[in-house]
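Next up, some structures in structure tokens.
Okay, so chain A shows up in both of these, paired with chain B first and chain C after.
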Partner chain A sequence: MKKKMSLAPAFFVGPHIILFLVFILLPTIYGIYASFTKWNLMSDPTWVGLDNYRTILFDSSSTFHTQFTNGLKNTLLFVLFTVPILIVLPLLIAVSLEHKKVKGKGLIQAILYVPGLISISAGALIWLLLFNKQLGFVGNLFNSDVSWPANQPYAWIIIIVITVWGGVGGNLIIYRASISGVAQDLYESASIDGAGPIRRFASITLPSIRFPLIYTFVMTTAGAFNVFGQPLMMTDGGPRQSTHVLMMYIRQLAFGNGESIAGMASAMAVLLGIVILIISALQYYVMNRNAA
Partner chain B sequence: MSNQVAEQVSKSPLINNSKVKKGSNISISKYISYLFLVILCVIWIVPVVFGITTSFRSQTEVVSSGFRLFPKEWIFENYVTILENTSTAPILRWLVNSLYIASVHTFLVVVVISITGYGYSRMNFKGRDTLFFTLMGISFFPGVVNLIPSYKIIDSLGWVNSAWAMIIPGLAGMGNIFLVRQFMRGIPKDLDESAHVDGAGHFRIYWSIIMPLVRPVLIVCALFSFTGSWNDFLWPVIVFTDVDKMPVTAGLLLLQDIYGNYRMIGQLMGSAILAIIPTLVIFLFAQKYFTQSINLNSGIKG
Partner chain C sequence: MLKKKWGFSVLASVLLLSTVLTGCGGDDDKKTITFWTPLTGDDGAYMDQLVKDYNATNPEIKVKHVITADMYTKISTVLSSGKGVPDLSIIHADRVPGYVKQGVLEPMTDVIAAQPELKQDNYLPQAWSTGTIDNVQYSVPLDIHANVMYYNKDLLAKYGVESFLDDNVVTIDEILSLQGKLDEGDYVVNDALLGWVMLAQIQNLGGDIQQDGKPAVNTPVMKQAFEEVKKINDAGLMTPFGEDGYLMFQSGNVLFSTDGTWSSTAHAGVEGLNFGVTNVYSTSADKFTNRGSSHLFAMLKNEDRSEEKVAGIGQFLEFIRANSMEWAKAGQIVASKQVNESPEYQNYMQSFFTSNEQETQSLYIYTYEYYPYIAEAVDTYCGDIVRGNVDIDETLQTMQKFVEDKIAESAGAAQ
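Moving on, here comes the complex of A and B:
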């Protein structure tokens, strides 16, 4: 009887532990190990110590160094351009939707949410046509005769537009759910005390939804650092690699044409991972402290 | 603080006609809110409508008539052409692949997360919570690091260009298990204790008592797993090179080469629309679950 009791948990949690070991723990450890090696994905990796990191970070004559700094710069730009919009815009929408007199809330929310369910490759085909200078609206409505994906700042603009279009819905739903959870009498007593809408928003709504705000801020930022599909589909990294993000270089080095340079790519991946970890921790720390 | 506000306001000379003022304020803010929301909705929906209507326009019309939201003449040839293409851009094949991958993945997700969630919440064994939180902690490590070795593992298993490459790895995640565990912990213990007394084993309790109670969470997890798997882009682009085996997201990446640089626009749009339809249909029928999910989230965080 006792033996049977001790085997049952292994049956329930065991299968997932095996999956976890094979598809999360093992590749993570191997990814860190591979960053210290020369590896072409096929033969066994050869240990090279810190060479990859030295090349990427300090050897300014190396293309890997140029790729890494350019990729990281463009990834950071993407984060800076999109994350604030992906936090503020859904928040504004959620507040507007709270207005008692506004009708059709469900429909509005559904319309804004739907692009989040569209894959980047399908969405990009449509948006590229809209941004096409001959066939889309930019040429016909704005009289613009430059090719948007091939010129700055338009290349960034179309990447930001499709990202915001697809990304607003998720955070919007989180904010709406949290705002509707704020006690109504707080607002009522504030109104009686004469607080205007902006005042009420700043001193009641924002503090009350502190946790969802921290959560969405950290998650949206971490997601933005992994950006890949939008620049790949919209601009293919152009013009002159000015929208070529780090994930695109990592994929190119490890899985592109020619021999795989997976060791170097792994080192870039580890560095990107470290950046994400540091930024997430900073965000959490700063926001939690300020809010307390 | 609110006293200060009250004081300030009572000093204000406008306080006496505040009634009038307040009424007009409300309607102004209402119109501003409306204007803002309507403009956004138009921007959000135009691409979808434009994609759909363009897929029903002929190439000559698209090129000659400039930007129009609706076709002069509706034609169906674009769809005939893309559905008949079974070699360079087998869209039907891709859709079937995607459907198979997303369905099997979703089914297995539900099985794995409910069984594992049960183990971590309703069973007692030594080191249970330590184990759980250790796995949670490890899973917070950024996924970009395990991307390249994951490919190597898939390759060793012989799963490159196979649906398993997209079905199995995602089952290892912790997020949904956390959610299910959290939900199962909320179910009173006496339920299974009395079942234990009646001689029911763990599997019986899992299946006939706990499963029915956690159905809502499982539905939410299933919907997000399905749409997530359907829309996944980076991973399929890496593990699929065989045009016949790939899911539709990876396939669409090839289209711009195949249908030319906007030489066959209707076909491009038709393909994109076909790739969108399944998730949109799911959303149409299960909208409340998509929006409910966050209540589960905020229940934990708040």
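Moving on, here comes the complex of A and C:
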């Protein structure tokens, strides 16, 4: 009888555990193993110890070192450009949607959320046409005569625009849900005490949605580090590889032309993973402590 | 109530598990030839039709065409696990040397022995010989798909330069002669497949991409090739950097488009675009090259492939050899001579490239084993060099190093 009861939770958790093991944990472990090898995906991996890491991190004459540093630099730039917008903008929209006089809240939310459901490639094709010098409206609107994907800083701008367009909705929904969970009497009593809207936002809303804020901040940052589709589709890494992000190099090495260089690619991926891990942990630590 | 919940969770987990696990199993049907191709575009439909036609002849073993996105990655996976290896696949010419070196291709010896017509004489010679390594035949060709040059007939007439086409070679000098003569917004040539165009110029200048098996990227010939093509850009005759030159050709603003044989169907779909096809422009008036690749039938190593299946593959390839007119519709240069010498084939635009010996020879397929890395380096950097965004010498050094580093990493793994 006792035994029978203890099976129930296993059935609920089981599927997730199995999926996690098969599709996340095992590949991760194998990926870490592969990063210590030379491997072309077909023959058996050859153990090379820390060689891949040494090449990537310290051999400044190596192509892989230049690719890694350039890729990481561009990825960091992408994170710096997009994450603040992807946190602040949805938060502002969510707060403004709380105002009593705003009509069609559901519609506005839907309009902002739908882009997130569209695949990056389809979205990118549309945006490329919008930014096209001859066909698009942007050239006329800004009276600009440059080809945006091929010149900086425009190349970054179009990547940021499509990222924000596709990413605002997801965080917006989380913020709206958590703001609607904040007790109304807090606002009422604050108003009675004479607190203005800004004070109410800073002293009630923000502390109340602390955990959703930390969560979205950490997840958005981790997601931004894994950026791949937007620069690939919009600029193909150009001009002069200045928007060529790390994931593009990793993919090109492992699944590009000719024989695969999967060991080196894995090492780059592991290094990227470590960077994400450190930054996420740091974010969580700092925000949690400040909020407490 | 509790019971109901239980039932639901069991059902849910069973469903989930079964979806997860069905991906792993899959018995190979002994009566079917599994045929993988990377033909994810429109050409996949033409191949579907060919396979359907073959199966309609009621062969003993039917062919099942599986269009496989990311095919080369999947090939790596099935080869390393040894399970689910397709019986037959279409691979690109540049994959053959690497695959043979890694020992993952089965020679076509038995297939060819059973089908006397599957021989070099019946195919475009270079398409056949890309599959010949140390006198062993590893592939049977389907086509050559090449970089070619489309021209806008109306624009040629407008600028009075139809004479460019007289000798079938449009030279860079001829292109440059149009400097200052074009209306605003018109261009002589676009930058479609620019990397392929560069690799053709290497041949036109009598160079190569290798020397004694070592990659040769940072060479005087490569530099010269880039400098020649760069002249077109510097004269303002190439479609601007970062713009869709392919689209600009289709909208009637560009005289020449250097894209692929396979684009002819798309160009034909553009209303009012009056176009023809010729050889890719050249640095010299004496030589022209159209850099090509080839779709090849090949068998990946698979111990479970029965003799019956090998015989079936032979029959299928013989059927394709005799009946692949359908493939011409996809715009490709069909490799089988029976097809490309037939009167019906002359209706297709790409028949230009098999119209005489010189044309046939202009279709050049690189067979150097590290060609893919070199092509990648050229593709990555050619735009910036031709547009004058970077220093040629420095970038050629970077490219040479790029290829050498990649070779060094892969060579160790292949052993």
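In this text, the second predicted complex is superposed on the first by the 270 of 292 C-alpha atoms of A that agree within 3 Å, B and C clash if a C-alpha of one lies under 4 Å from a C-alpha of the other, contacts with A are read in each partner's own complex, and residues count from 1 in each chain.
Quick note on the criterion: a residue touches a chain if its C-beta (ideal position, glycine included) is under 8 Å from a C-beta of that chain, and two chains touch if they have at least 3 such contacts.
Bear in mind that the values here come from a model prediction, so they are computed numbers and not experimental data.
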Fit or clash between chain C and chain B when superposed on chain A: clash
Which superposed partner A:L25 touches (first chain B, second chain C, both, neither): first
Touched partner set for A:A281, first chain B, second chain C, both or neither: neither
First, second, both or neither for A:V88, with chain B first and chain C second: neither
Partner chain in contact with A:A183 - chain B first, chain C second, else both or neither: neither
First (chain B), second (chain C), both or neither touched by A:A202: neither
Contacts of A:R240 with chain B and chain C, given as first, second, both or neither: second
First (chain B), second (chain C), both or neither touched by A:L80: neither
Partner chain in contact with A:I108 - chain B first, chain C second, else both or neither: first
In the superposition, chain B vs chain C on chain A residues touched: B
Touched partner set for A:L41, first chain B, second chain C, both or neither: both
Location of chain C clashes with chain B - one stretch out of 2-10, 254-262 or 380-388: 2-10
Common ground on chain A, meaning residues reached by chain C in one complex and by chain B in the other: 8, 12, 15, 19, 22, 41, 132, 134, 255
Chain B to chain A touching residues, read off their complex: 1-3, 5-6, 8-10, 26-27, 29-30, 33-34, 36-37, 40-41, 43-48, 50-51, 54, 62-63, 66-67, 112, 115-116, 118-120, 123, 125, 128, 131, 135, 138-139, 141-153, 155, 168-169, 171-174, 177, 201-202, 206, 227, 230-234, 237-238, 248-250, 252-253, 255-256, 262, 265, 268-269, 271-273, 275-276, 279-280, 282-283, 287, 290-291, 293-295, 297-298, 301-302
Of chain A, residues touching chain C in the complex: 8, 11-12, 14-15, 18-19, 22, 38-43, 45-46, 48, 61-64, 132-134, 147-151, 238-241, 252, 255-261, 263-264
Chain A-facing residues of chain C, complex: 6, 9-10, 12-13, 16-17, 20, 70, 72-73, 76-77, 79-80, 94, 98, 102, 104, 240-244, 248, 251, 370-373, 375-376, 380, 383-384, 389-390, 398, 401-402, 405-406, 409-410, 412-415
Partner chain B, residues of chain A touching it in the complex: 6, 8-9, 12-13, 15-17, 19-20, 22-28, 30-32, 34, 41, 92-93, 96-97, 99, 101-102, 108-115, 117-123, 125-127, 129-130, 132, 134-137, 139-141, 165, 173-174, 176-178, 181, 189-190, 193-195, 197, 199, 203, 211-212, 215, 222, 225-226, 228-229, 232-233, 247, 250-251, 254-255, 262, 265-266, 269-270, 272-273, 276-277
